[in-house]
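These are the structures in question, set out in turn.
Next, two complexes with chain A in common: one pairs it with chain B, the other with chain C.
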Partner chain A sequence: MSINLSALDRPNSYIGRTVPRPNAPRLAEGRGTYVDDITLPRMVHVAFYRSPHAHARIGRIDAEAALAVPGVLRVFTGRDIAAVCSPWVAVLAHLKGLKSAPQHAIAVDRATWAGEPVAAVVAESRAAAEDGLAVLEVEFEPLPVVAEMETALDPETPLIHPELGDNLAFRRVHEAGDPDGAMASAAAVVEATFHTGRHTGVCLEPRSILAAYNRAENQLTVHHSTQAPHMIQTVLAKHLDMPEGNVRVICGDVGGSYGIKVHVYPDEMATAAIAKIMGRPVKFVADRIESFSSDIHARDHRIKGRLGVDAEGRIVALEIDDLTGIGPYSVYPRTSAIEGNQVVNLCGGPYDFANYRARTTVVLQNKTPTCQYRAVGHPIACAVTEGLVDLAAEAIGMDPVEFRRRNLVRDDAYPYTSAANMRFEGLSHHQSLAKLVEMMDYDALRAEQARLREAGIYRGIGIASFIELTNPSPFMYGIGGARISAQDGCTVRLDPDGSVVALSGVTEQGQGTEAMLAQVVAEGVGVPVERVRIITGDTQVTPYGGGTWASRGAGIGGEAALQAGLALRANILEVAGAMLQAAPETLDVIDGEVVEKATGRARMPLGELGRIVYFRGDTLPKGLPREMVATRHYITSDYPFAFTNGIQASLVEVDVETGMVRLLKHWCVEDCGRVINPLLVDEQIRGGIVQGLGGALYEHCVYSEDGQLLTANMADYLVPMAAEMPDMVVAHVETPTKESLLGAKGAGEAGTAGAPAAVMNAINDALRPFRARVTAMPFTPERILAALGRIPERRF
Partner chain B sequence: MKGASLAYARANDVSHALELWRRAGPDARLLAGGQSLLAGINLRLNEIPGLIDISRIGELRGVADLGDRLRIGALTRHADLQADPLVAAHAPAFAQAAPLIAHAAIRTRGTIGGSLAYADPAAELPACVLALDAEIVLRAEAGERRVAAENFFLGLFETALRPFEMIVAVEVPKIGPNRRHAVLELARRSGDYAMAGLVLAADVAGGRLHDVRLSYFSMGPAPVLARGAMAALDSDEGVEAACAALGTDLDPVADLQGGPEMKRHLAGVLLHRAVAGLLGHSPVSGGNHGRG
Partner chain C sequence: MAEAEFSTLVEVSLRVNGERVSRRVEARRHLIDFLRLDLGLTGSHAGCEHGVCGACTVRVDGEIVRGCLTLAAQLDGADVWTIEGLSDTGEVRDLQQAFVARNALQCGYCTPGMLATCADLLERSPAPSRAEIREHISGNYCRCTGYEAIIDAVETVAAARRAATGQVAIGQATIGETAE
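This part shows the complex of A and B:
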């Protein structure tokens, strides 16, 4: 069912070509329109008083001094907001046993993490609102803090929500085959404990919302930096008790999201509630400091793993015990159990083995809530799996590439169901591995490594195979009861001048969705890509859709756009046939012209067809359909998720005196199915790798024992920066999904999924002569020096 | 965050600045490059009633050759230190240190006077003036005085500056023909505050070091002279002995990057590399990762 590749030679063939992004000049010239660029009449600003305590009872809030500050208009407490905004509980029916407590937009009675909104000050400017915050008096009675996830379930640990009975949010155990028997018969069993550091997304544009309420129409219009406008529309309507049709969410330019902007945030809900109460437009733009303590965090996991292999180096069993702390509430509406669930689903994913036991334990704690962040669960599962795989290879004295060759699921084994019950339509692990080994000249690197080691230079090579879950069906959220669309739609319209407008339910976050859509629509209709305008991010305008997450933009949104484009082309040809006295099937649309299909001879530009249809419809036969608009929706149905695969390699040099790691080079071969725009895909991979390298080496939300975030600024929270990034080589294998015509599966998270594991394995390869090993991310100089025994260990 | 509103006045010259300051009160601050001050204001760390902008006072800018020493004006920017031929020839430590300070945008605005007055213990330039035995030239309405770098840094963000007194220049002796400087630091990422850093100045003759001056930054509440290690190197006891002396010279405090043991360990690694570099055993330059 895949699209005919020979069509790629057509003049308006854009699928598979590097086409410049239509929005790039606008954004590069600073002509974008982000939420903070929008000013509405009578607009006011809100700033939030955030709890300085990780856990405290909220006492008296004295607003008198704050209200006396020039420019300050109102002060809101949790109870004020609760009167118009109902609380939420983030659970999903298919995540059995998941529990959480009602969460308010502004804390009522109790603050449960340092950074939770406790009061709001509304003023004529943000500065005046902060002046108000400075003199707002809030009394707190500190309560015992649950910071450490390892002891969160101990009987002596206080309960964060006593009504829940314990601090356990979710637990899932999955078992396949006979892991105990297989481990017992294994020639070697390796085990290790891994830590992935809690980190966050750090979007260039912070979370931003501008909510305007018009009492005359009971209409709420929200300009929002978000990935999922329709989901936000639904949530706002529900909790502000409004008809869904009276809520409009508009999402203009977005300065990065990475999963950070696909959740419901208390401060943003409060902003909308305040707009409704005051009847004025209210703007909230998070500053960098409050972003660190209020944007979702992720990846706070401790994972114990065991892997058994037989004498030939075949994996016989895998056991995983995952523990994660998610903060005091499961995050609405996607829940905070998904990440642990993904770890269970994805561990061992690239490999062919039958005996698997995995457990995830998701606990509550008084820290910033965690939720889905780019490549949800993938970098964790990949690090655990690939770390164990390298240990096993070492244990039986086998080269890590050869070990993978023996264990990766064969390329002709599909469809294949993994030990975790994931169903794979078609992957290319062995092709990818072969390409990687050739690309990096593996043998030469090994020889160089040995030579340099003699000279006291310690380089390491790390490999990481991975799978990436994309294009989710309703099995991800919908079946659990969340009103999150897995389907997406596209409306394509031909205007009188022959130009095309396409409205899509997937969204542009700065990653190039609109470029991808323009290419697909241009090809589908048959027009030059410059004649296509893409509109996204307006719930009152675009088809209802899920937005951007789980790498679904190209695979779901792209297919809907292609089908809509093809449908419009068929409609155009029907009219053209009538005008040209030709059978529609003998005609085609190429490069903005109706042509004779057989000869390619130009018959009529689309502008002429548009003129006749729109202004001289009287000359067309009565009853001729003249629908110059077509809408198509797409949803995956054969598989719950598409899966992509790939493999990465990292070359590092470890300074064993300082513990510093130098990233020398990075390789990635990945298979995202159909590549629509090679440049965009490569840059997605590179950006994803950088984000993965951040988690491996730098990024860490460090907390004190009493739940205070110690890294809440850009000097202490280290993001990866250009100077330290390695040269990256990216290549592709294309195994299109047969489920769609387009064949795209998604490329947004592959880089992030595999990079931390590759770097971990490379560091440990470099440290091998010292019998030192690191398994706790980020791999800081301190941790590496401690592993080398040069300094004592210190715990974070 | 947005800073609280405050008063602002621009000074035409030094005496005008001092007069404005006296009128604004002791809590008003001088604005030079603003690279730490403005961030602090936006974070509302202190209540600051007003700023006296000295950034356009021409007499405070530039490097002058005074014969046996250089005079570096307080408003000389880090980028100027990096590029100035007089600095490169006569006080190369400053030229080596400058590229290690933060990022290009910050080096283009940040000033040496601002860095010394702020006295961040992780900053490079305070350790430079200490190792180079420079004098800090201060001016108040009552007149000028000079404070040796050794007496200038008193503690965490604390200096010998008195109320209504400002830095106008740094005067540093020119190096002799055998004098060599090395500035090394280890930072997580280029431009970050160093986990550990040193400035080493010594005469190199006969395959060993003489008249050693060694200062460390990011090793405690203030830049510190490692006197024990200096003495060990002066008496040719070897680098290992000097490293051992660091155990008492340095009293680092833990931070997010590491505990005191790690900082001491890194101080020793840097010393090995700096001495080897000066003796020509391996190349030495600023090197963010402690090597060229």
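This part shows the complex of A and C:
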């Protein structure tokens, strides 16, 4: 039931048009309001004493010296906080067998990772609170550390939570067809082991929360840098034992999130608990070091993969064995089993084959907890699949593009159900591949590569097809029992001057959500986009919704906004019909005016209609509905997820003397359905690609054997900076989802999903003359030199 | 005790965004905290507090510095400009407009520091290559954009500024001939 709304079909449509973001000029002038910019009367600051041990029993906490520091007001232990804040266990019913232990806001008795909060110091300033931390005395009795995921399940490995019986948090095995038979009959079977490294998000604005409690009203107001205000409201109410209606979460400007800010963090819960205990505003802003040890990590996977192909180069079977370490607790409330589960769901996703066996094993360890981070599981599944695909192409002597052409699910095969049981409504792998090959001039690049090789210059071309899960339904979290809304809503209001205000449950963290909403609402109501004001991020004001994650803002929030806008337009036309003595269906609203539909002749500006409705309602017929407000909600129901697809290519040059990789160029063709704002979508793709490139080449949370994070600052944990990054060519194929009028699917994670695989394949393509290969991210010069046999192999 | 605390306070008088400012600051107070906490200039941000991310970049005596590595107590007599002042004077307006038009900012957290760094580049080098722009901003971390849009925006502004100066010269040469 998707309609043709694109700019091509309707010259004046806002859908498909690059419109500047209404909130960008404010941010460019430094007039944003991030949590740390807010100061409230009587506000105090909290700093956390974090465990220096990866695993230890907590002994005596002596606060005397800390309390003597000027400016220090209170010291809280885990037990103090536990009295007002109940612990949580992060499991979901549909992830069968997932187990975790009760986790407290501040550790009680035992610290289970280096960085876990053990005590809190509250002071008049952050500096004074840190002075207090410096003299706080905490006794620890170190316990044996489980750092290595490969041995986490060995009988001699100590148990992190003895009451769970073992260190296994979750295991899932999926089997389709006859993988053993198919492998046995394959013309060639390739296999490899991949490591995706442990990464973290490094949001430039650290996690921040300012919680204010008003005892007189039993009201908690929380300014929070978050992606999911309503989810946080629900969680705070539950664990602080308050009615949900007495908790208000306000989310102003957010300095980047990428999934990092969609989880419940112990230190943030403790901050809210302290606000409730002290009855005054308490601010917590993580510093960079504590961000590294307490923001969620992700992607710590080891995957063994096997792929069988027949003599014509058709994939006949895929086998995956995934192992991931998630830290000592599953993270609340989304759980830490989703990433491994996604690896099972997504491996082989772009390809047409029937025989599949996949296993994920999710183990506990004494490291920072891991959870969902931009593109959850996709970069892992994509790297494994595309790495194996390139190996298979090489094994049978076929060009990697031709190999993909033979195996990608046909563009006319939809609806299609994958070997992993994922249902695809409509994808465009072949169109995307054709566009990519043309855009990058693949044949010319291959010719140039061959020429340069003669001259001792080693370039490589890497291709990666991918699918991306967007627009999640309750099948993602809701059916597992989590109170995380898959539905979202929008309220649209016409004010007397003819301007429009729209309140939405999805949120803005820089993606351009508010610009997208303004465009859609302007289109729905029929007003110039400058006349639309968007309000997001306030649980007391906006319709209840899920927020922004899993690339759902445009597809779900956008559709709700479109439907609300159309409903308001219908309400306007009903009133206009009465005023103009015309049938409402003969009128329309275009560019802020009521017009005659047939001729386009202007009949009345909306400001005039507003004036009469609001101030001279006496002149309208009695009983005429005059609702200048409309609310609509939207939820996907035909498919559990709206999958998108795309393909990326990377061109690199490897210096075989130094092991350095130079990124020369990157291409991406992506199909997110209806593109609402081309510039914003392209920049989501580019930013996502660079985030993926960071993981592939630089970023790594390196741990010592005793569970100490060795890369806990931005000098040791390398992030992509401008000088090393390539220019990126981005193009689109549009296959709108038929589930919604708007037809939009998500675009926020596609770049990150495919980039690491493309770079890995490009590096290995460059190294091919040396029969060298790398499969462990990040692909550092050291690892490349080791693969080339120029330096000895080292365990990382 | 009280005396020891007191002795750590240092008197500074400086100009911030063209206005005179006098404060007593703790000797350990960094410029970024002085701006944000003491003066309420929250446009400058702290991202790492160890000199790596560039979010705290501001201009001091004509040079860009890291606000997290500079002590406020060292700034007696200094001339400090932050994003608030640079916006009010209109000095970086063309850059800001280009950033908005090209979507060279997403969350905006890096943007004030990034703009100060880009303005500094264009001051020194009116026709930077893309590689030079990348090099000059390579101390400013941006997690959102992937940098390309920022490079594009700076390139556009450099070209526009060159064209504008060129036009002035041509306009002066031809004045009179085209007067109506």
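The criterion applied here is as follows: the second predicted complex is superposed on the first by the 788 of 796 C-alpha atoms of A that agree within 3 Å, B and C clash if a C-alpha of one lies under 4 Å from a C-alpha of the other, contacts with A are read in each partner's own complex, and residues count from 1 in each chain.
Definition applied: a residue touches a chain if its C-beta (ideal position, glycine included) is under 8 Å from a C-beta of that chain, and two chains touch if they have at least 3 such contacts.
From a predicted model like this one, the values you see are computed outputs, not experimental measurements.
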Output check: A:30 vs chain B and chain C. Expected answer is one of first, second, both, neither. What do you get?
second
Taking the superposition as given, does A:721 touch the first partner, chain B, the second, chain C, both, or neither?
both
So, A:287: does it touch chain B (first), chain C (second), both, or neither?
both
Contacts for A:702 in the overlay, against chain B (first) and chain C (second): which applies, first, second, both or neither?
first
Tell me which partner A:662 touches in the superposition: chain B (first), chain C (second), both or neither.
first
Per the contact definition in the header, classify A:780: touching chain B only (first), chain C only (second), both, or neither.
first
Given the superposition on chain A, which partner contacts more residues in chain A: chain B or chain C?
C
Applying the touch criterion given at the start, work out whether A:170 contacts chain B, chain C, both or neither, answering first, second, both or neither.
neither
Is A:679 contacted by the first partner chain B, the second partner chain C, both or neither?
second
Determine, under the contact definition given at the top, whether A:792 touches first (chain B), second (chain C), both, or neither.
first
Chain C-contacting residues of chain A that also contact chain B
125, 127, 287, 715, 720-721, 723
Chain C contacts chain A in the complex at 5, 26, 28, 33, 36-37, 41-50, 52-53, 55, 82-84, 87, 96, 99-103, 105-112, 115, 130, 133-135, 137-151
Flag every residue of chain B that touches chain A in the complex, lowest number first.
1-5, 43-44, 186, 188-193, 195, 254, 256-259, 261-262, 265-266, 269, 289-290
Using the touch definition from the top, list the residues of chain A that touch chain C in their complex.
20-21, 24-25, 27-34, 36-37, 70, 125, 127, 201-206, 253-258, 287-288, 509-512, 679-680, 683, 686-691, 713-715, 719-723, 725, 727-728, 751
Under the stated contact criterion, what part of chain A meets chain B in this complex?
125-127, 130-131, 134, 287, 289, 655, 657-658, 660, 662, 698, 702, 710-711, 715-716, 718, 720-721, 723-724, 780-782, 785, 790-792, 794
